[in-house]
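Next, two complexes with chain A in common: one pairs it with chain B, the other with chain C.
So, the complex of A and B:
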């Protein structure tokens, strides 16, 4: 297992940031670590990257503890949202990174600097927020580490630069498949890049599945009220809406061929929920919302 | 670029199959690689690979070791055959059902079909027309 987290708990004074988290990350794969702000995503990544200590539980990276373990840390690059760089120029930051990471790709770093319009001679403290994020991305990609952790790496980056990031991430992953974990709240933007989705809420893992499973896991059914009601009878549903004689409701669970055929007969429209919609629902559910239940 | 709804891998498989059916990907042509598909559609390479696997499982494309994936011999004909078989179910039956709801009788429907844009008068397609008529049972 590339990264193995067992029973991990992190307590701050009066708050439980991580609550008995057990999760594995196995490469090569791109995993989305999703959740609301304050859910515990950053804490989990920081502990994996040895930038913070656990209160309880264990983290193993390549089978060993990453705590103060230089050999392990060189195989892992962590780009965080509020990345702090020492007070020097862009090119110096890249040179420092090139000494630390054994697979550092200098050509790629230079190409990425051009892609993101980063002036190599500018002092880092004079970079805009977006440029600092871009520098973090350059380091994250050019390190070509076996594990790449991106924690909301694009504060201040516009849509064009973010798309550049996704394209370069895919290209570098294609050339060099590794273990990538990407935390983000821009779920719709990254949904198609992800192979697996881990969702964390209030410090707990609430969902861990392949992106395909999540995408097919709930469906909006719409059409004439009577037909919709007939179709959803006995199923778990939520978000029921009505207008005139039409109804739309979300049903939980994967639909099979027979379901689709039945829906066609009843002239119902079926539309799978997007990853983002499923995630929003999952977050709402753990906040105490309850499901409606239709009786058969 | 891809819609929500069907799983992405099956959308990828469908698009490649469309190209094979249309002949833009001819038999013996190389199919785009997993990484090319991933970069083009901005999707995970594993998802692209899963899409291509659907076509390999159906024998529409085959692997040549160390070179890549290629459209198999006879792939287009098999695909067209399969799609012709699905045609009645997917298009004719819903069309006939909707016509019935609109009180369009079989004769009127057939003449609409004949007069529609792109209708083929060619008798070489009589088989398909006959097949279509079988599906029409108002």
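So, the complex of A and C:
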């Protein structure tokens, strides 16, 4: 197992950031670590990258603890949104990175600098937020590490630059398959990239499945009220909406061929929920019992 | 194998701090040159009075910068250093190695500067820029050693200050300084209570530059250990 997290808990004075998290990341793969702000995504990644400490539980990377372990840490690159840099220039950050990552690809770094329009001679503190994010992305991709952790790496990046990031990430993954974990809340944008999704909410893993499973896991059924009601009878449903004589409702679970045939007969529209829609629903579902848990 | 990896990692930490030449290769020396010029100007412009030597102590500027660089290395430069996959231990020891190297160079500068100063009769104007009476006014090797130890001490102290600030922010910083002041005040109260001030004075007049250097070296070791303990649980 590339990254193995067991019973990981991180307690801050007034808050439980991670609550008994058990999850594995096996490479090569691109996994989306999804969740709302403050859900615990960054804390989990920071603990894996030895920037934060666990209160309880264990993290193994390549079979060993990453805590203060130079040999493990050099095989992993962690790009975070709020990275603090020393008072130096873009080129200095890249030169330093080239010394620390055994597989550093200098040509790729140069190409990415051009792609993102990053001036190598500019002081990092004078970069815009988006440019600083781009710098993090350049380091993360050019490092070609065995494990790449991206923690919302696109803050301040415009849509064009984000698209570029996704393209370059995929290209680099295709050339050099590794373990990539990408935390994000722009779920629909990255949906096509992800092979697997792990969702955290209030410090707990609430969903861990392949992207395909998640995509097929719920379907919106719409059409005339009577037909819709006939189709969904006996199924788990949510998010029922009615406009005039039309109704749309979300059906939980995978639909089989017979279901699709029946829907055609009833002249119903079926539309699989996007990753983002499933995630929003999953977040809504768990927040209720979480409140009970914390107030108990 | 692992020793080799570690040794090269320490070297990389040193290179990381030096990647922008400004902080270490330019700033201290530019400031020192600037202070030197200002001191020369001031001496030229002011009447000589009765003393044969005019002690300006300009060398102190480089020690102040050593302290500031120490703070910066442990505060501002730390997060990206850890992001590059360094363990705290490697980062800390590598940075301490840089401090020692910087201090050795400053020591050479102080020793050479002192000899030149003596040979030129204080740069022709009786200026004591590199020499400080009692502390930095002996043979070249003792000046080298004292400068080396004092700069290491200040840099390491700066590192600890930077780490305390990173771990506990302003409140921790205030508590850290308050604790040190408290120790000094308690020591002063004890000395006063036992009417021992003359013995303290006697100690400092007889201990000599070498003894003081040893004392500062011992303190530097304590600070280095304190910083290391603080570093072990620092988060970024």
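Note that in this section the second predicted complex is superposed on the first by the 288 of 296 C-alpha atoms of A that agree within 3 Å, B and C clash if a C-alpha of one lies under 4 Å from a C-alpha of the other, contacts with A are read in each partner's own complex, and residues count from 1 in each chain.
The rule is simple: a residue touches a chain if its C-beta (ideal position, glycine included) is under 8 Å from a C-beta of that chain, and two chains touch if they have at least 3 such contacts.
Computed from a predicted model, the values in this text were never measured in an experiment.
> Going by the contact rule set out at the top, does A:211 touch chain B (first), chain C (second), both, or neither?
In the superposition, A:211 touches chain B alone.
> In the superposed arrangement, does A:220 touch chain B (first), chain C (second), both or neither?
neither
> Chain B or chain C: which reaches more residues on chain A?
C
> After the superposition on A, what does A:171 contact: first (chain B), second (chain C), both or neither?
First partner only.
> Please work out whether A:100 is in contact with chain B alone, chain C alone, both, or neither, and reply first, second, both or neither.
After superposition on chain A, A:100 lies in contact with chain C alone.
> In the overlay, answer first, second, both or neither for which of chain B and chain C A:80 touches.
Second partner only.
> Between chain B and chain C, which residues of chain A are contacted by each of them?
none
> Please give the residue numbers of chain A that touch chain B in the complex, ascending.
Counting only chain A, the residues touching chain B are 29-30, 166-167, 170-171, 173-174, 177, 192-195, 211-212, 215-216, 264, 271-274.
> For chain A, which residues are in contact with chain C within the complex?
46, 49-53, 68-71, 73-80, 83-89, 92-93, 95-97, 99-101
> Given the complex with chain A, which residues does chain B contribute to the contact?
2, 4-9, 34-35, 38-39, 41-47, 94
> With touch defined as at the start, can you tell me which chain C residues reach chain A in the complex?
2, 5-6, 9, 12, 15-16, 19-20, 23, 72, 76-77, 79-80, 82-90, 233, 235-236
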